[in-house]
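We just call them A, B, C, D and E in the order they show up, numbering each chain from 1.
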Amino acid sequence: MIKKIIPWGIPILLLIGWQLFTKLGVVSSKILPAPTDVYWAAVHLLQTGELAQHVWISLWRASAGFLIGGAIGFLLGLFNGLFRTSEMLLDTSVQMLRNIPHLALIPLVILWFGIGEEAKIFLVALGVLFPVYLNTFHGIKSVDQGLIEMGRMYGLKGIPLFLHIIFPGALSSVLVGIRFSLGIMWITLIVAETISSTSGIGYMAMNAREFMQMDVIVLSILLYALLGKLSDVIARLLERRWLKWHPSYENVS
Amino acid sequence: MKVVKTSHLELVNLQKSYHPTAVLDRLNLQIHKGEFIAIVGKSGCGKSTLLRLLAGLEQPSGGEIRLEGKPLTGLNREACMMFQDGRLLPWKRVLDNVSLGLKGDHREEAEAVLRQVGLDHKKDEWPAKLSGGQKQRVALARALIHKPSLLLLDEPLGALDALTRIEMQSLIEEIWSFQRFTSLLVTHDVEEAVSLADRVVLLHEGKITQNIPIPLKRPRKRDQSTFASIVNFILEQILELPRAAQGRGLEEETGRPFHAVPSVRVSNVD
Amino acid sequence: NSKSTSKDVKQTVRIGYQKNGPLIILKNKGTLEKKLQPLGFSVEWVQFQAGPPILESLNAGSLDFGRTGDSPPIFAQAAGSSLVYTAVGKPKSDGSAVLVKENSPIRTLEDLKGKTIGFAKGSSSHYLLVKALKKAGLGLEDIKPAYLSPGDARVAFEQGKIDAWVVWDPFTADAEITAKARILTSGEGLATDRDLFLASEKFAKEHGDIIKIIIEEIQNVSDWANQHPEELTEMLSTALGIDKASMKLAVERREYGLVDLDDEIIQEQQQIADTFYDLKMIPKKVNVAEQIYHVDKKDEKR
Amino acid sequence: MIKKIIPWGIPILLLIGWQLFTKLGVVSSKILPAPTDVYWAAVHLLQTGELAQHVWISLWRASAGFLIGGAIGFLLGLFNGLFRTSEMLLDTSVQMLRNIPHLALIPLVILWFGIGEEAKIFLVALGVLFPVYLNTFHGIKSVDQGLIEMGRMYGLKGIPLFLHIIFPGALSSVLVGIRFSLGIMWITLIVAETISSTSGIGYMAMNAREFMQMDVIVLSILLYALLGKLSDVIARLLERRWLKWHPSYENVS
Amino acid sequence: MKVVKTSHLELVNLQKSYHPTAVLDRLNLQIHKGEFIAIVGKSGCGKSTLLRLLAGLEQPSGGEIRLEGKPLTGLNREACMMFQDGRLLPWKRVLDNVSLGLKGDHREEAEAVLRQVGLDHKKDEWPAKLSGGQKQRVALARALIHKPSLLLLDEPLGALDALTRIEMQSLIEEIWSFQRFTSLLVTHDVEEAVSLADRVVLLHEGKITQNIPIPLKRPRKRDQSTFASIVNFILEQILELPRAAQGRGLEEETGRPFHAVPSVRVSNVD
């Protein structure tokens, strides 16, 4: 029981400190609203149904982009990890693309995809692709060569070799990539949703930023934090399920 | 007077070197179909390397391996190897490790072979929870269930106590005599070599220095006197080598008479 | 011009709007849709946070029509974008201002020398600041610029990270009312800060009649807006999330409506362009007159 | 020799295709400038010295932020990987922070750090922190427990245990984190350099976007790609140097 | 007539179970300072578990371990263990693996011990490039250089050929007789146990079923007749156990006379 509470200790302490800080008037509440103000903003947005709508549409964009980008990143990582030729051909290009900021790309994205949903999903997919790629690639590269040899000796090749040996061996690293890309997913969305949006958490946050609705800004930050925790919990559940053979993950709570 | 048998495997001037040092130096050996060969030799003399070459996991630096007359390139699909270090998949339970690579449902078969190596009660454990010898027996079970036409065993019983060891030896012999695959067994236990093999090959400094047929009938009994004298003869060879072979070529070895066990014919490197 | 009149072909006109200005009023009133429907046109409203991305989209062919402040089109033109000016709004210089804190020692424009001043780069405030400094005999090199979007600048302003802030309504009004800001100078006599209505050249060429209707409707909602300040205040303060009191002040000091795109207006816009050219913010001289699309004269031409 | 060229095959092909594409007029050069135009823009910016100045100041911000954020992320990852209590206390908080987009944070950053260099460096540090943290944490969690046991048995504890066993064991994963964070570093900079900047590549890119200077936009994208490749080359050199014992990295070119 | 020696280690009702199954069941044993104990037993009987408990790497489920009278909690800082699976650091070259954990400059010492295990020519190799037996010898070298007061060896010579094995045995004996640390050696080679140990402890189904002092003088010779008869006696015990111990408690074992080697006194579990 107590173990379930401890991880929340620091967030809760911060919250209390913040409430005191603002209510004592150290900064103007116009600039940094108190948690209670944020709470009321949330209640208000919930009642009008706006919040649910924003979260919902963002979730849709996020998952579409995540699935596309994650799949491509995973496959690329796979091929480049498995085949030297493909690594030689593609790795340099991927590494070059990796560093291009989404924000700088927006003009080109508008050119290619217009200003509709495709553009947003493309950006999310692009953002998600690289962490998945990099960690898959690394995971596959570090699978014990001895085990692969063994599998080949026992008649595994192609897909069975991959399913039984390479994938499970790379899994813990792939999961790190997924975990990270779940974060990048939300971060990208805020950029994607600045392209001509009227909905989504990113829109909500950026709009609030333009019009300095500090309570909404803080609300959206908290929302991101919660979503972060949520995707982390999911990733951990997967880890617990898939890595139960691994002594280090055995007792992860 | 040699019986003409089909030659399953042939090593022709086989060489392997890891950059500066030569590990195997122009080996020549013929192995017949269904023959059981034991390979003995000092630690680091290249036994595992030889098996890896036969499995096609390494490419020779010179010479070649002929598999039924054809030179071996790439992985040897007929072979099955039990590695010196076990190599169980940590993410598969014992039973799944054993049935790895089998097509179709082989659950019962896998359970049966696990029972034979005495580990049916561990079938749902993770490998990380097994003892050293248990891991080795799982690896052995996995090699035995695969029914290859060439079985390569790299010190399969190194971590086992005397009793379990003898049980496993009879298991290997039983399965071998039933299926008649060609077998190569690397071992550091000369008794084991003599009790299982048709021929014992002694590897020293990258060369085959002895190639001793074991003419004993099966099942072999360790308390037979011939058994003991062959074991002693081979041990002597091994113990002598460091002094004997230094500076001396293989040619000089060739004519050496077999004093200790006169009833046993010795064919040297063929 | 048969294309736009044929009723069987379903077409859309894509309009980019921001959360302030006449277009959002037009969107909320829903009158444009009614006017265009008989012509076989539907309207797609696309919201943007700022002017430049509207022009970006116009240029890329993702939009047909949009509104920005006075400066962004100049940069677009300098970049060779093929857009045309179709209409111009009335001046709103009362709402644009250089703000300082109530108790700030800055009393005159001359006091701005050496101070850190926040404004959005390339926006109408940028131009206003240049003009204000010029009036005091100063140049941009005499102050420390802090390029900030209005929301960010507000935080910096209240925290005292910037000494002055150049911004437009409703930010000006809100700062005056809730952040104890003092107007050092408004845009009066310095910059007009008009709304500009732009269309892509292609759309303007093909669908002049549609543009004409849109502009008529903008004029209509502007008239409505001028007559119904309370309703407008209500509408905009919900849309922007800004205090009603602030919004009221902003609405009251602004007159909505369009003016003729005559030579005087073109000259005014050309002056902004030349100022930015002199500041080396655009790489080449632009000629505003080249990109003017005259709605009314169009029928006579054909 | 040929092996050195192959990785550049796709980038070069793209470049040629793009030049043809634009010069044949399939897209207007107003929308997408030809590589040669971009080249001239680069030459121009180089001659005025602007480019060097932008790159230089960005490099400075990037490295300051990278060092700070990397160090914090590494230490956090270390502690959380090594100590259960610290993991319990901090991991949830870090995972929550991880997902907050920089863009949404800008108002708060201005509140805390103002509009000067500190704000920019803080943002870069924040961006760099998480990939380093996550991969260090994962790397340490997956160090072979058997080796740690062995080390403790042989009298290692504390710092020597860490230096000889835990760190080398986690290194390949840490390097993945560093590689990734080098990318995030540039990406964050474009956001950081929208806060009241007059210099830096991010400023150059965003400024070009505002003013629709497509040649400069494309130039900055290329610059990011090159910087990406550069940091990748550095990471690979480190890998080759530090992981030479690892059979999978042995022949990496 | 027992000579009163300082008792270095004492197991008191030591128990260890991995969730459902009990591995070690109320062990009692006293080990004197400087004594050399060999532990033999079937694969999976808990030998490694016992060593891990003594090293403080596992905590007992019941009973306790007393180290010079004080109960052991946490890591045993006096002990040094050679693990069954070697555990070389793949990122350190052989020499650095050997000198791991030594304070100060021990390069020469490490080189000397590597020479003793016959691997000085591999001192700058990565462990991944060593053969199975070479890895084991490096791990042995590492354990021997540390001069602990309690040395735990878990099948240190399992992967070695007969000759190298004997060389390593004499090396261990030599270092032990020089430094007189307390030694526990797990082995599956009864000859090895007899040639090295002062006492051989037989573990079976979680209990100590035999505790046989070896009264032979050192250096011991394998061709002595007493040597052979002790080995045979122990082997017999092991071979008989599966039948004999089933259903029978330790109490019944206690009174069993030592037929095969009458000249040797047997003290059972003390």
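Structural remarks
The definition used in the following text is that a contact is a pair of C-beta atoms (placed from the backbone, for glycine too) under 8 Å apart; a residue touches a chain by one contact, two chains touch by 3 or more.
What you see is a predicted model, and the numbers here were worked out from it, not measured in a lab.
The set of chains touching chain C and also touching chain D is given as A. Placing every chain at the mean of its C-alpha atoms, the farthest one from chain E is found to be C. The rotation relating chain A to chain D, fitted on Cα atoms, amounts to 180°, rounded to the nearest 5. Chain geometry summary: the mean Cα position of chain C and that of chain E are 87 Å apart.
For this pair, chain B with chain C, the centres built from the Cα atoms lie 86 Å apart. Chain A and chain D have Cα centroids separated by 17 Å. Rounded to whole angstrom units, the spacing between the C-alpha centres of chain D and chain E is 52. Contact with two or more other chains is made by residues 85 of chain B. Multi-chain contact residues of chain C, defined as those touching 2 or more other chains: 56, 60, 149, 151-152, 155, 159.
Chain contacts: chain D has residues 31, 106-107, 111, 209, 212, 214, 246-247 touching two or more partner chains. Every pair of chains meeting the touch criterion is listed here: A-B, A-C, A-D, B-E, C-D, D-E.
Considering their complex, residues 30-31, 106-107, 110-111, 114-115, 194-198, 207, 209-214 of chain D touch chain C. Only residues 18, 40-44, 47-49, 84-85, 129-134, 136-137, 154-155, 158-165, 188-190, 235, 238-239, 241-242 of chain E touch chain B when the two sit together in their complex. Those residues of chain C whose C-beta lies close enough to touch chain D in the complex are 52, 55-56, 59-60, 72, 75-76, 78-82, 118, 121-122, 145-149, 151-152, 155-156, 159, 161-162, 281-283. Residue ranges of chain E in contact with chain D, taken from their complex: 55, 57, 75, 77, 79-81, 83, 85, 87, 89-92, 100-101, 126-128, 142, 146.
The residues of chain A lying in touch with chain B in their complex are 146-147, 149-156, 160, 164-165, 168-169, 171, 243, 245-247.
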